[in-house]
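Down below are the structures I want you to see.
Next, two complexes with chain A in common: one pairs it with chain B, the other with chain C.
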Partner chain A sequence: MLANRKLILAHFWLAFAVFGVALTLGAWQMFIRSPIGTWLSNPELYYRSLTAHGTVMGYVFPTLVAMGFGYAISESALEQRLVGVRWAWAGFWLIVAGSVMAVIPVALGRASVLYTFYPPLIGSPFYYIGVVLVVVGSWIWVALMSINLRVWRKAHPGAPVPLAMFANVAGSYLWAWTAVGAALELLLQIIPVAVGLKATIDAGLARVFFSWTLHAIVYFWLMPTYIAYYTIVPRAIGGRVYSDTMARISFILFLVVAMPIGMHHTFADPQVGAGFKFIHSAFTALVALPTLLTVFTICASVEIAARLRGGRGMFGWIGALPWDNPMMLALAFSFVMLGFGGAGGLINMSYQLDTSIHNTQWITGHFHLIFGGAIVIMYFAIAYDLWPHLTGRELIDVRMIRIQLWLWFAGMIVTTFPWHWVGILGMPRRMAYFDFADSAIAPQALSVTFSAIGGFILLISGLLFLLILARGMRSPATEAGPYRFSLAVHQPVTVPLALNTHALWVTLMIALTVTNYGYPILTLALSQGTSVPAVYVGAQ
Partner chain B sequence: MSAEDTHGSAGVAARVERRWATIAVIIIVVMALLAAFAGIHRATMPQPRVETTDPSRIHLSGEFVEANLGSVLEANGVTVRAIGQQYSFTPACILVPVDTPITLRATSADVVHGILIQGTNVNTMLVPGYISEQLMRFARIGDYLMPCQEFCSFGHEGMWGKVRVIDKADFAARAKDGGRLSCVGQ
Partner chain C sequence: MSARDLFTFRNRHFSLGVGLTAAILVVTAIAGFIVLPFAQPWVQFANVWDAICSAAGVPQRAPSVDLTPDKRLSAVVLTSRTLPRPNQEAIGRGATLAQRCAICHGPTGISRADSPNLAGQYSAVIYKELHDFRSGARTNAVMTPFAVNLTDQEIADLSNYYAYLPRLPAYHPTPQLPKPNIVIYGAPMRGIAPCGSCHGSLDNKTGSPWLEGQSETYLKAQLQAFATSERRNDISQQMRNIARAMTPQEIDEAAAYYASQPPDVVKAVD
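This part shows the complex of A and B:
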């Protein structure tokens, strides 16, 4: 039973409200730089919008979803009232305050530095401090997840931690540690310059600090989705989790190997040497392992559901799946997008292939497909699944939910496939407009137009999502009962200590970060004569 | 099939799972080995060496002073030196010969920029304080677009350079007195 519904609902509503705003900005950006829009007379507006879109979608939206979902997991999987509710609200209000503080300078054009910061470009200090507050708010959640698990362990000595909570806490630790990279960049490099204490900045070091955050943050975004794959989908479609052990191993692998790989974002950079580039490339290959294991386990779990429903034959069981169930639909769409996005990701992290697509529209297509597609469609599914338990009211219109999911999937494909294509043609990222009259750029015009149409399909789907949730607040009351997670085929009776606790893996995560980042950061920090004067953005 | 039936098949389940995990590990090891092999054997890799240059002094002395920017014929091929600054490249149009090994050496004078030459694999970041080096070779005569590929503030969308690839003999004739060449006067 969820005791703190208001807390969870507040997180979800804020998350989806800011998502709606950022989605609208995204669709406008797609339109304005496509051949169907006219050139912006003031391109600076585009970068305000882009900064807001990235900051919300990268920092605020997924963090709030992970937090709200985390509180729901803690209360329902552990069957224990949340400990530290006041702190949880404090974290929530810190995020509200931080978001407001960050968005004002962005809207005024005083912080158009994009969510990736790009020093030596320096914007208003309020933008950076706002982002720091958002992260600090989320760290309260990390601490609460850990404390709640500890309280539960005391009451249940030696018992297997429910999978959902085990994964949730792993995700929170991953976030706590991966945020440190950007925090170091902000606190040591950017904020001192933004407030005028220092005048120069080493851009190379800043890029390495940011890469520490930039990749593992994606796995933090991914965690709620993977938790849904393992602990919600099989229950929702009437199946069982194929293997509880494999699920735990996957989450542990994410915790350990998602971290020390971020330098594959700096393959094209001059401030990192070949050795560390290769090490990070190899470790990035390793992070494909938990995803490959997950795809197997989830497909097997889905097959169990199909066979329990009377499915027969080698592939005939696929037809027996409950395709009208929104959760089934969301999972299938998510897997298709994860497949394409993952294949693209293998190209991005490749030591050799990266150079042909680095910083082109291919990359934008890639992470929209993975994050906006595979991950966010499961956020929708999580919200639909939890809503009746949060509101005490049923979501009646299942057909509307199906339409919304279909639109999101179609919109994402129509947006991102042409995006990948123009990337291969060499179209650079983050540009407010293109001169489609240039004969060398003209062939890209059609693809960009398709992408813009896809953007509008996504916008319609996103608004529909908000509408469904809002209408769900007013439908007739129902008793949804306790919120439950999937059972495994073989429910764990005892779990080896290593698969029931996080200490060993957190130690390994930190150790690998030190070995893979320590030397490059140290040499860059000690190098002389590489700092450059800050370039202030928005200063008149 | 019920959950009870599967209980006896726990061994089968574990075996299938192990097999899949093994396949997954093999895929990953092969990928890493392929990358290592191509890197060592064919020397295809991202920029290996870290070189620095003081960004506050590049206009005054050293490799990237204005008079030294452009293409120059050297013993081991052609070297192109360029800088990026808000919101242009210098030279704005790089002149190189076809079918010749070319070394591009570039850096930034202010913020982070990038060089991408469309239709090729030439793609590197320009980070102030550090020198980017790329080996390149053009198989086709013609003009190539060279946009800045990294956000460098409000004028980023206008930062487009060009590479002009010309005939070898033509280039040699223009380069014989040792000057720094660009498309200017071409």
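This part shows the complex of A and C:
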């Protein structure tokens, strides 16, 4: 029962359209600083492109996917029409307005500050205000998800909240709180400087605020993917979720421990005390827990499907899985990339090991493998799964879908593995140019070339994805039926209050933010003489 | 189902959730703030509180460190408010003051004496150099006596005046030379950013002068002065680190290249 198909389609189409543009920029960036490209002679163009790529891929694209998917979940899992459709459209248009407002100064070279802002670098205020509008637009979605769940609860007192919606609302709360860090940085620090009310900025404090957002945002990006693991994949391959409770525990663990860990991004920053870095490092280790729970539960769920299809033996069931089903393929690729990316992440979160790869291409490789790989490939899968329900038309060419997923997987491995490798060799990130003719870095040229080729494979796959969706809009009409989510082996009849509501976990999330961020932020905010003059982009 | 049923220790999920979270927090805090600081044999703490403060990042300054530099350093801070938009009056005052500069820098801001051409130079640049000459961060037998008696207002006026003058072709343009590698690529393996990434040609960074059409002799002399640390008013040794790593040939190429460029190309990056 998807009543507001237009709303959901608008979110998805905008998300994938901007994704296509940012992907093209990304491939160009890989090419231009690799040995096969000719150096532009103008690093500013590179950083301009990098800012656009990061802003779209980090803020606009995943937010729109989470929103569109969230509305779809709300309508289909709760089986009730979306409450507040006008507000939802308002949120959508705010994101459109914010994106346009942000991208114009970036295109003009007035805001080449990268999506992580990097104060004391200061760009055009329109860029930051645009980003704020995108966030405000998404906060409307957060409120709507909460309101829709409340309306449903009133109509179904005491009933277990469907898993998809429980997870969806958990993701929205996580986003609402994690976005506060960057919002504080923008509103209290950067925008006053960008509009000329102040001329100095405390860059250390800004970095701490940003770390508040920067790590948990990854788990916000991850939420649609995890929701798909639990609530779409088992249904799509003919299995059942092994444990509904385990799924709920995973999502509440994300809510609690995804937030107070961001300072592992500031291990090399002198303004944060080593004790806090240690606490954040320890909590980062805990974040592996919900992922391990998920991998276990999903593997068990998949095994159920395989055994139902006649799979036998300790490992023999793996062959019985429906490998020609795009959802199965996407899940397997996603898990492989999550495995490698997660292992790399354990290195990043270790205080000592981090020093050897800090600010190298290893980091770029890591987050592309996790986000671009494990997460985005499931965004594709979600779109493929939802499309017939949104358009009323079937996606006929399954072979093309499989090719697209294979290309994305191969492209991501070819791109990110050499990236990790040259990172270990010491190649710094955020560089517009490398002189591979120099004997000291000449051995890295081959790896970087492979990486750039991987970038083009990804571009082809991304364009193929858009083509499949666009062709799906014109295929013959069909009745897709109501959109359903996976059933659990034991469907929940009663769920403990703590696992049916979010209040306790949101409280713990905020409490841990206070304990883990309160003191560092307060001391930095109250210390005198820690601000430096702003450096205005393109100013003389 | 209400908050009262949830937020109570009678609810075992509440007790478990809060208890586990608090326990993990306490254990990691003890490890991070007490155990690990003392596990560093090379750091001495007076007591546990001292260790906690250190791990928490409480700002401390060791009393024994003397931060007074042995030579005078540039103390100029440039912000967006340092040089307000000039008015005609300020430019007029600057023009009057500039008459005494004309003997070296030329009546139109174009030098015949291998001194810098100032016509159309960025006001922030002139502002900084005059301040540095006045404070002694930069010294020159001819220039210092002119600068020592200038007031803040006069420095601002002079900066605005010269920035206002049109950029005229210099007296010594040679045929325009092609861009040498050092200007366009720098030397990444020696940590040298391209000259053009700050001084024009590629990009311009606040506080960096444009160099097109400046005297080759002057440019070369300044690079050599930076390399020997005879000149030291660059912030954080930016130019000294670059000039020290440059080869004599690169210094010649960069100076010759910039001297050969007409100053009107500066416009392209403004």
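Criterion: the second predicted complex is superposed on the first by the 539 of 540 C-alpha atoms of A that agree within 3 Å, B and C clash if a C-alpha of one lies under 4 Å from a C-alpha of the other, contacts with A are read in each partner's own complex, and residues count from 1 in each chain.
The rule is simple: a residue touches a chain if its C-beta (ideal position, glycine included) is under 8 Å from a C-beta of that chain, and two chains touch if they have at least 3 such contacts.
These numbers come from a predicted model, not from an experiment.
Enquirer: Can A:D385 be said to touch chain B (first), chain C (second), both, or neither?
Expert: A:D385 sits against neither chain B nor chain C.
Enquirer: Given the touch rule stated above, what does A:A498 touch, chain B (first), chain C (second), both, or neither?
Expert: In the superposition, A:A498 touches chain C alone.
Enquirer: With both structures fitted on chain A, tell me whether chain B or chain C touches more of chain A's residues.
Expert: Comparing chain B with chain C, the partner touching more chain A residues is B.
Enquirer: Have a look at where A:A274 lands relative to chain B and chain C in the superposition and call it first, second, both or neither.
Expert: Both partners.
Enquirer: For A:F296, select first, second, both or neither according to whether it touches chain B, chain C, the two together, or no partner.
Expert: Only chain B; A:F296 stays clear of chain C.
Enquirer: Touch check for A:E185: first (chain B), second (chain C), both, or neither?
Expert: Neither partner.
Enquirer: Check chain A for residues that touch chain B in one structure and chain C in the other, and list them.
Expert: Correct list for chain A: 43-44, 271-274, 277-278, 282, 286, 433-434, 438, 440-441, 527, 533, 535.
Enquirer: Give the list of chain B residues in touch with chain A in this complex.
Expert: The touching residues are 1-3, 6-7, 10, 13-14, 16-17, 20-21, 24-25, 27-28, 31-32, 35-36, 38-39, 44-52, 54-56, 86, 107, 110-112, 114, 116-119, 121-133, 143, 145, 147-158.
Enquirer: In their shared complex, at which residues does chain C touch chain A?
Expert: 1, 3, 5-7, 11, 13-14, 17-18, 21, 24-25, 28-29, 31-33, 36-37, 52, 54-59, 77-81, 122, 124, 184-185, 187-189, 197, 202-206, 270
Enquirer: Write out the stretch or stretches of chain A touching chain C in their complex.
Expert: Touch list, chain A to chain C: 39, 41-44, 157-158, 196, 199-200, 256, 271-279, 282-283, 286, 433-435, 438, 440-441, 496-501, 503-505, 507-508, 511-512, 515, 519-520, 523, 527, 533-536, 539-540.
Enquirer: Would you mind writing out the residues of chain A in touch with chain B in their complex?
Expert: Touching chain B: residues 43-44, 46-47, 112, 114, 118, 120-121, 202-204, 207, 240, 242-243, 246, 266-274, 277-278, 281-282, 285-286, 288-289, 292-293, 296-297, 300, 304, 307-308, 346, 350-352, 354-356, 358-360, 425-426, 428-434, 438, 440-441, 489-490, 527, 529-533, 535, 537 of chain A.
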